[in-house]
Every structure is written in structure tokens, then in C-alpha cells.
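For reference, chains read A, B, C and D in written order, and residue numbers begin at 1 within each chain.
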Amino acid sequence: MAETRLKQLGGIVARQGILIAFALFLVGFAVFSESFSSTENLTSVVRQSAIIGVMAIGVTVVVISGNLDLSVGSMLSFATVMVVDLHDKIGPGPAMLVMLVAVLCLGCLNGFLVGMLRLNSLIVTLGMLSAIQGLTLIYSGGQNVDIADQEGTWFALFGRGEILGIAAPIVMFAVLAVVMQVVMSSTAYGRRVYAVGGNPTASVFSGIRRSRVVFSTYVISAFCVGLAAIILGSRVMGSQNNVGQGYELLVLAGVILGGTSLLGGSGTILKTVIGVLILGFIQNGLLLLGFAYYVQWLVTWVVIILAVWLDVAAKRGRLFSPIA
Amino acid sequence: MERLKSNRAGKWLVQNPIWGFIVIIFVFFSLSNEYFFDMRNFQNILVQTSTIGLIALGMTLVMINGNIDLSVGAVVALAASLMVDIQSWEAFSGWGNWQMLPALLAALAAGTALGALNGIIVWKTGVDAFIVTLGAMLGVRGLVFIYTEEQSFFAMNFTFSDIGMSSVGPVPSLAVLFLIATVAVHILLSRTVHGRNTYAVGGNREAAVNAGIRVGPHMVVNFMIVGFFAALAGVTLSSQMGASTPNLGREYELWVITAVVLGGTKLTGGAGSIIGTFGGVLAIGILRNGMNLMQVPAFYVLVILGSILIAVLFLDKQLTRKGAEALKT
Amino acid sequence: QEYKIGITQNNVGVDSYQTTYEQAFISAAEANENVEAVVLDAGGDVARQIAQIQDLIQQNVDAIIIWPTNGQAVVPAVRQAKNAGIPVIVTNSNIAEEGFDFIASFSGPNNIQQGASSAELMCEALDGSGNIVQISGQPGYTTAIERQKGFEDRLAEACPDVTIMETQPGDWNREKSQRVMEAFLVKYDNIDGVYAGDDNMGVGALNAAKAAGREGIAFIGATNFAVGYEAMGRGEYYGSIYQSPVDDAEAALQTAIDVLDGKDVPFLNYFETPKITQENMGEFSKPVF
Amino acid sequence: MTEQTQTPALRLDGIVKTFPGVRALDGVSFEVRAGEVHALLGENGAGKSTLMKVLAGMHQPNEGRIFIEEREVTMESPLHAKAQGVVLIHQELSLAEELTVAENVYLGELPRKRWGFVDWTTLNAKTNEILKRLNCNFDATTRVSDLSIAKKQMVEIARALTVDAKAVVFDEPTASLTDAEKVVLFDVIRDLRARGVGIVYISHRMDEIFTLSDRLSVLRDGNYRGTLVTAETDEDEVTRLMIGRSLSYERNHEHVELGEVALEVRGLSCGSLYHDVSFEVRRGEVVGFYGLVGAGRTEIAETLFGLRTPSAGTILLEGEEVRIDSPVDAIAQGISLVPESRKEQGLVLGMSCRDNITLPQIGDLTTGPFVSNGAEVAIYDMYRDRLDIRSPSWRQAVGNLSGGNQQKIVIGKWLAMKPRVLIVDEPTRGIDVGAKGEIHNLIRELAKSGYAVIVISSEMPEVLHVADRVIGMYQGEIIRTFDAGEVTEDSLVQAISGIRADKAA
């Protein structure tokens, strides 16, 4: 009995190759860099990862439903510029509210185009990437924005403060991850998202309002971007028009590292969290080891592929792919 | 709409809606801007699109295979750096203009080799091409910076940039090269065994495996082709500039993919054509050129470009719509 | 006599400097009734900039002002313009020497000199000895390279006892720079000074140090931004280099007009970029960006 | 009969194949002689397809040996198997949609000219020859995506004729063929047999097995159960071997009290798909729709389920006119549709059995905001028992089940909705005889307990057996409605060929 339990456990662990990869990295960096494993550094990395992480949670939902969202990067720029700019004009509370509404509108637009009109999500969100970048520049006139009173505002809580002794970004990241994980795994809504991603036609034949489900995933994604913008704006206390440039691919990398398939229908939020943390720890670890930036890029190349390879190899039970 | 579908030209248009869109913007820019409708401007457009265009040719194959290559932008930079740097090596100083040859070979070989590397990793590890090439996008850029030590290179020999600016008869050489490559890849895809297998591998991988197509090596070849074209694009781009910079080609992958998908290639693989891709490339080129000439402010260019991408998809949807009888799923 | 002057800028909107430059240029052109300006933005892409130069030649403008996305790569396009009989004025950062034959004039700041000035500030702040870290601009861009080079060369010369422990790029991005600084702070507990390629990144580094509760670090930047100016006012930021995009833009336009008017213009037309520190900041107005 | 020799064309010995959690084949041995049609039978999930995939090199066996003409071989890959003369026609379509018919037929072996160019002339000529042999009325250059399912199946079959095969395996080739195409296929198979090819024929349709095969072997739960000479056995014996008991095939027409009209359709049309369709279904009644492929039956069902917008006509449920704009509306009105294509429309293949069964009602299975695991598993268990679904656990991804068990999951999914009107479109496609009987009984039972049921089927015995009334359709029109007593095979065949009752009489 106990033996079979153990075997089962072994089987489960073996199938979670990404966890093993994650553990290997942590150990590896800890061996080579003394400062890496300090609590200070570990929390610092998780805190830094919160921005990408929060966005990746939203994007995971979109990807599970079988679509892509490449607009999150420029949407982050837009949201951060907006919330920082409005902060001094109408106060932190209203600023966040207005920004969230604006971002949700963009999410609705994405959702309408992909969900209702059934347009190709890659091109739609690429188009939105460009359009939102333009909107941001038009909004700010191309200027950087800053918060004048950095010390006095309670807006500082989200990026710099602590909740119950834990850095606020980490708390927000964790809470969001847990909530979304539960939503995806244990609610009817989550089940519908998986169904739509797994087989859109069959989901319609099962009485699922496919358009609405897809629409909602983009709203969730946009909301997550809004949260990330609050963290980012508060952390930096300022913003520039291209802060989020390139984030779309980083976010997607985190999602895929977590094992979510781009084809839709599979993946979990918690694994995305792990994927994002791996990215964060690689970046941080390489920085601490003092590699030049281009060496960091090279190593990241190798490490990303190794991590995902380990994951897929564990799932299929053999190292090399069987295709001829 | 029904009448449109019934005649041959109409049917063709429904299959390649991008060309309808090209006609629209072409007429629009011709009417609204005095500089647009001009032979020299058309040549400019062809030359300007040739970079994205060359890469898009290879990308079409890879995407019909059901894969993707995000590392093309970095390969452009690598090939450009090799091309410009190697031709000024001491060793070849006595070769006259032939000093460009080893540089060209090195650049193309590097691109092809990196393509092969991507392909082999995708094949052997079974890791999604998206993640493999996303890694390579970063890593190859790292190689570029290591090789160039962060420097831009400049071709002492102006012949190099003169080639980039030269013309064959009335048509710029780069445009000619691009057109020839387009025809060649079109023939490859539509007439050869490899090309037809490309559709099979992307359309139904299991069927392809069962039919005995060696899917792995097949994909590697297509990755090599896209690597080759990305390198070729790097060479032509550097010859337009007579120089190279390590940051060359950033975000090209996104534009290339946009062009290919606009041209009707499916992300999931199995469908697509070079004629469509050519249309997609041209559409983006005309839009950019037209907006430059019309002096649309930079911020608005982004908004317009984004909106138009989406509009094209919408148009496509309208053209291919099945009508009231269709299944509502 | 009306001049049609085309300008292709590096990457408007990527930072406030470039945006303010563009606005200043447009308003200067509007103020001058003899000038009709064609304003283009290359979005940081060399290839697009070359295309824009070709488009401007196609439109037969009287002069082209170019803010090179890359000093080397634009040379052949500039040569093309020259061959078409259109004078070219380079602004903000210069093109490679090989291209000097094809341009009428350069107008802008001297980035090497700026880096050197920052090094001098650093020596001053640390009294000639200490350990510092450097956060550079986006790798591969001329401005970043020149400032880094100017800084490093001058530092070794002026105060060899100041050691640069590590240099990492901050990509002109405040958040990135903040992240880099957080890692530096974990790694080194003896940082005396930070040199950042511009104030935007400098303030990011400052944010990180403040959050970690580390004091006594001298922050020195370049291209004084409003945030940097304010931080200086609070006594948190040591100093920077004052560089006005408005001066930059106006100088470029004026140079172009002078060239067209057939006046004699110096080939290298540097404008002043003085050091600004907590002491003398009163002499400067707060930057508008 | 024909020149049967005694040398086995093909021999399998002690084949074992396991999947995680499943022992699909447990030491199966059997042989096929050259020049015979050897039928392979077994319940859904018995391991027939798996065995054939092992033979064709798509799966590697854990144990066991394969002999071709008494020579031991290992099948490394499908191509390798083909090279040894073994061809498998898949149960599921396996075509590249964007390519032409010819390219699919010769997939992997396109004839070449110099420089790797495709030799189109040879390719199309050779393909057209095969298509002619198969009596297909489409051309080699047609794109596969433009073909109907039946025609795609013919393309799949055409593949078997490209090589000089020693053994050809047909895995349920007739599941989506029309009667006319079946006749052609049987001729082709007999022709192959005459040429001395060993043929394995898998089907759940007894009539086909008895018309076509020389011998038959039975698998059960991955075990070999025995081989019989077809001429010396009967359905009952085979069934007993397959499922361990006889089937009582009582024709179920003791008169049921019909209730009021549950569903009435008046003058329903949908563009060119079907035209002016009117009929009614009472509670307690099973109405069968019979017709050829393309008659428009599926489209009517889809309209009733809210998936198509009718261009004219009204739908009444229990006397009240209703608007059904989407499946959500249909479900709310108590209509269920078991769709025609289980893979595309019925199932989310990557999801577990349980999740698929509960998908349409997932919103009602919640306690608080959360889906109740207990309620879900209870529903799964109930329909697993009722439909005899064979799956190692509810966690198994539906895609890993055998075809027949997948179909049962779809049926279970819609029965679980307890609908007022149940529409089943080709409900027993690919289902074994035992389960088929169960499903038929289930349909009758459901009707008896007050459901209104519509059965769309292309199998005449099925309609005749299960339906109270049969509606014959031809090219989008109802030609004739037969009451239970008056329906005969002949009149039905006439109706679906477009011959109206008045003319026929």
C-alpha cells in the first residue's frame, strides 16, 4: 500500500518536469552565488516577478481558451502612464479607478474583436499592441510622467509597501494566483474556458456561449494588466511610454514555461507562476553572477530550452521526441 | 456578394482578400498624395519591403509546417554584422570586390546553421517552436553582441552599398532579388515534393508521419530555409546601409508574422500561400510608405497601422462569410 | 523664399527628451514663416530611417535633418541625399566619420564630453576614491556607447582610485534600472556611487537604494530630467548634465536654414551641456520633461 | 470459393500492448491467410484498432512477434510496414485537408521528376485510375477540404490501392459511407482477395461481416477469443463470443400510449439546405429520419438546436411557439442533440470523461461558487453503468477511449440533461452490437417514460427497429412519412431516392 503510494507520488513528481527544473536552478544559483539565496534577494526577485506574473495569470486564461494576447505589453505602458499621470491630477483612488475602467475598455475591445467577431487573435492583439502604443503616446504627448510626492501618497503601498509583513506586490500576486487557480479549476466558468480552448465547436454544441467566454478572458487579462500597472506605477513612481515594450513575449514565455499549450485547452495558473518565477530567478541569478548582458542572453536561451525540454520529456517519459 | 463569388476573379479575391485591400489603399494613396503614384516611389516600396518580404517567404514555409520562428530578427543582425565585418578583414584585402564573397557565404551559412539548430532542437526535444525560437531570439542577439562587441560596422568599400542601391534596368536590384526569390519559393511550395509535404506536415502531422514523411528532417529543412532568408535579408539590408548595427532587426519577427498571417497563412499550420504572403508584405509596405508621404504624425501612425491590421481581418471575414445558412458556432 | 526641410528623428516617444525635441522643432518651424517642415520618426529602426530618407529625397525637400538611429548605418543614405543635391544636417548624435564628406554640418551635444563631465562629478562626489557601479543605456546605441566611453576614460584619468565594480545596461528604462540596482545592492555592500546613462535610470537606481534603506550613495546621471532635478532639490541626487532638447532642436533648424542661406557654418556645431549639481541647480530652470 | 491457400499472409503471435493504466492487448495471436477476408470483431475497446496499429507500425508492442509470409518482421514505422506490404485504412480520417485528393492518396510517396518537382501528370493519372476503380465521381485534383465525409473516407480507402499489398486492414471503413459506396468498396475488397491479398476487416455491422468475410476472429478485453469460419456460424454464436451472452432482439413495438405533441415544426426552411419541412413528435414517440447523406437531416436537427437560423417556418414546443437562437436556448427549452461528429462536435478530447459528460449542465452542479465534485462523479458513474462505458477511471482523457466508448460518452452527456426532446444524429456510428442494442433499448425506454425522440440514421435496420414513425427525406424535402405499421424497406428506399408515394403507387 505504502509502496504504491510512493510509486504514485514518484510518478506525479516525474511528470512535473518543470518543478524539477525549477529546483535545479535554485540549487545551482545558490551554489555559485552567495547572495542569491539570501532572504532579501529571494523576496526581491519574487517582488520583481510580480508584475510579469500578474499579467501572465491573465494571459494564461486567454491562452487556455485557445487565443493569444500580445497587447498586454503596450497595454501595461498605457495603464501605467495613465495611473501615474492621473495620480497627481485627481488623487490615487480615482486615478486607479479611471485607469482600470480605461484598461477594461481595451480588454472589451479585444474581446469583442476576437470573441464576437471571431477575428484571428494574434493579428488583432498585434494590431492592438501597435494602436495602444500610439494611444499612450497621444495621451502623454510622448512625455514621461512622474508622481511628485513619492513619500506622502498611500499609492506607495502597492509597489513599495508591505501587507502583514510581506511585500505588497508579492501578496497581490499570490492572492491573484490562488483566486484564479481556484476559479479555473473549481468553478463552472473555469471549466467552460477549458472546454472552449479544447474544442470550440464542441463547446458551442454543449451550450456554452463561446463568444462570451472568449470575451471574458480578454477582460480578465486586461484587469490583470491594470493590477500590474498599479504595482509598476507605485514601484517606480513614474512611467515612460514604452515601459511595457517587449513584455508580451516575456509574459508568454512564462506562460509556456509553465506548460500551458498554445493550442489551448490545457494549462494551470500555478504552473504559470512557476514559469514566471523561473524567468525571474534566471535573470536575477545571472545578474548576480555578474555575467555581461549578452552572456545572460545566451545562458537564458539555453536554460529556457532545457527547462521546457525537461518538462516535455518527463511528460512523455523519454528524453527525445519519437517523431522520425 | 454571391455574384462576386461566382466568377473566377471574384473567387480568387475571396481566397486572397489581402489583394482587394491592396487595391483599396493603392487607390486611396494615389488620390490623396501627389508623390505616391510615381515609378520611383513604387521602386522604393519594393526595396523597403524586400527585407521583411524575404524573411516572410521563409516564415511562410515554417508556419505552414505549424511552427514559428521568432529568432529571425536577431539572425538579420548577425548576418548583417558578418557581411559587413568580414569583407573588411585583412585576409581578403587583396581580393578587390571579391572580398564580399566570403562575407556573403559566412553570413548565409550562419543564418542557415542557426535555422538548422532551431529545427533540430524542435525536432529532437519536442519543445514547441515558439519557445525554442523565443530563446534563440534572445540568445542569437547575445551572439551578435559578443561578435560585434557592441560596435556597429561600416563597409569601407562603397561598392557594397552601391550594389544595394543599384538597378537592373529600371528596377532596383534588391527589388529584383526579392521578386525572384518570391517566384522561386512559390514554385518550391506549389510544385515540389518538399513543398507539398510542407502542407501535409502542418495540416495533419499524424497523417504525415503515418505516410512515412520524415517529419523531423522536413521541419529542419524549412527552419534552414527561413534562417537562410533571414540572413539574406540581413545582407540586403546591410547593403542598403553599407553598414550594420547590433540592434538591427528588432521586432522584425512580429512584422514578418503579421505579414504572413495577413496573407492568409494559418497559425495552426496546413494552409497558406506565397501569393498571399507577398500581398501581406506589400500591404504593410504600402501603408508605411503612404503614411510617411502623407506625414501622418508618428503617434497616429501606430494607431492607424494597428486599426488597419484589424480592419483587413474584418474585411477578410466579410468576404469569406458563409452567409445566413452557416452553422453558428 | 520658402524652404522645405525634412527631419527624420530617432525614436519619438521613447523618452521625453526626444518628444520635447520634436515639439520644440515643430514650434520653431512654425514660428518661421519661411520654413515648411516634414517631420518623420524612424521609431528607432535604422531600416525605416533609411526608407524615410529615400522618401524625403523622393519628395525633393530642400534640406534633410537627420537624428541618426545609428551613426554608421545611415551613411550610404546620406550619401544618396548628397548625390541628389540635398544638404544633410545631422542632429543630436553624430554619424560615423566616413560620412562626414556627405553632410553639411553636425549640430548637437558632445556625448563623450558629457560622459567625461559625469566622471568629473563622480570624482568630486567621492573625493577621489571609492567603489561605484554603472548603469548604461540600451546596448548598441551610439549615445549609450559614447557616454559610457567618455565616463570610463575620464574616470581612469581623473581619479584612478574610483573603481567601477560592475556595469549592466538599464535600457533607458527606469524599472529595468531599478531591478538592476536591486541586484547590485544585494551583491555589493560597499557601493559609494552610481553612474547612470541618464537621469531616468538614475532615479530608478535611487528608488532601489531608498527602498533597501541604503544611504550615502552618490547618484550621478546625464541628460537632466525633471525627476532628477527634483531629487537633487531633495538632496538625494548628487548631480547630472544639463542638456536642453529645446536648444538642441532650435540649433538643428537654425543650422539647416543657415546652410540653405549659404552662410558659413562650423562643421561641428556643439551646444553647451554644463554640469548641474545640488549647489548650482538654482542657475538652471527645471527641465520641462 | 476463391483460390485460398493455406500459407498465412500474416501472423501475429502473443502481442501484448499496454498504455498507462490499460492493458489493451493481452497476448493476442491470430493469422490471416492470403486471399481471405478475415473479420475482426469485438466490443468497443476490445483492442481491435490497437492490434492493427501494432501491425502497421504505429504502436510498438510490449511483447509478441509479427510474421509476414512466415518471415518474422519488426514494424518500426508505418512506412516500414507499408514497405513490407501491410497497409492500414484508419478508423478515423487521417488526411491533410489543404492538399488535393491525389496528393493525399500518394502522401509520402509523391512521384518525382528532376529537382524534386512533383510529377503531376503521373500522379493525377494514377490517382484517377484508382478513383475510377472505386467508382468515385470526383477528380484527383479536388481539394480534400471540399469533400464530404463519405468522399474523404473513399480517399482514405484509395490509399490501400497504391501499393502491391500483402495484407490490407480496413478499420471500420463503412462508418460514414452510403450504401452505394459500400457496394463499390465490397467489390474492391473482393477484387483484392482474388489477387491473393490477405484482408483484415473490422466492423460492428454483422450484415457486412456475414456478406464479406471468410473467417472471423473475436477479441474481448484485449484477449483472443477464437476464430470461426463465417459460413459455419451465425450471429448469435459470434455475439456470445464477443460479449458473453446472446442478444434478445425482440422487435419492440408493443403499443405505447402517445402523449400530447411535444415538438411541432411547421414549414421550416433554411436557405438551400432544406425546404418546407413540417412534422410533429409526440411524447412517448420515436420518430426516425432516414435519407441519403446530404438529404438535410442533420441541418434540421441543427436548426432545432439553435445552431442555424431558419429562413422561414415556426417551431412549437408543447403547443407554444419558441425562438431558438442558440444551443443555450435549446437546452433551456429541454432539447438535446447528440451530434453527428463526435470528435468535432461532441467531445473535448483533452478533457476527462467526467468533465465531458457534465459539460452542458456544469452551471447547475455547483455548491456556492464551486463545482461539486461529488455531484459530477455521481452523474458520471450513473451513465457509465447505464451505458456500460469502458474507461479505467473518470479521469481518463476522452481522447484515449476507443471510438465506441467515446460515442457513449456523448450520448451519456445528453441523456444526463433529461431533455423533453432528444435528437440523436447517427447515434450508433462505430458502436458494437451489444452496446447498440443497449442504446436502442435506451431510446425506446426514454420514449416510454415520456420523452419525444428524433433518431437520424443512415442505417435502415436501425430506423426500422427503433422508430415508431419514419420520415423519408430526399434533397432537403420530406418525401413521405410512414407509420409504424406501413413502413417497409422497399417503400423507404423509394422515398429516399425521391420517388413520391403517389408516383410509386
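The definition used in the following text is that a contact is a pair of C-beta atoms (placed from the backbone, for glycine too) under 8 Å apart; a residue touches a chain by one contact, two chains touch by 3 or more.
Every value quoted in this text rests on a predicted model; they were computed, and no experiment measured them.
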Any chain touching subunit A and subunit D at once appears in the list B
Which interface, named by its two chains, has the most contact pairs? A-B
Give, as an integer number of Å, the spacing between the C-alpha centres of subunit C and subunit B. 33
Calculate how many whole Å lie between the centre of subunit C and the centre of subunit D, each centre taken as the average of the chain's C-alpha atoms. 71
Can you compute the centre-to-centre distance for subunit B and subunit D, using the mean CA position of each chain? Integer Å is fine. 44
Residues of subunit B whose C-beta touches two or more other chains: 145, 209, 298-299, 301, 328-329
Sequence positions of subunit D contacting 2 or more other chains: 77, 307, 326
Could you tell me which residues belong to subunit C and also touch two or more other chains? 12-13, 139
Pairs of chains, among all present, that meet the touch criterion: A-B, A-C, A-D, B-C, B-D
Given the complex, residues on subunit B that touch subunit A span 70, 121, 123-128, 130-132, 134-146, 205, 209, 214-216, 254, 257-258, 261-262, 267-268, 298-310, 313-314, 317, 328-329
Report the residues of subunit A in contact with subunit B in the complex, numbered from low to high. 70, 113, 117-120, 122-124, 126-135, 137-138, 142, 200-201, 204-205, 210, 249, 252-253, 256-257, 261-263, 293-298, 300-302, 304-305, 308-309, 312-313, 316, 320-321, 323-324
Complex contact set, residues of subunit B against subunit D: 191-194, 196-197, 199-200, 203-204, 206-213, 270-271, 323-329
Quick check: in the complex, which residue numbers of subunit A touch subunit C? 33, 35, 38, 40-41, 44, 48, 51, 137, 141-144, 146, 148, 160, 232, 235-243, 283-284, 287-288, 290, 293-294
Flag every residue of subunit C that touches subunit B in the complex, lowest number first. 9, 12-13, 38-41, 43-48, 50-52, 54-55, 58-59, 70-77, 79-80, 96, 98, 138-142, 145
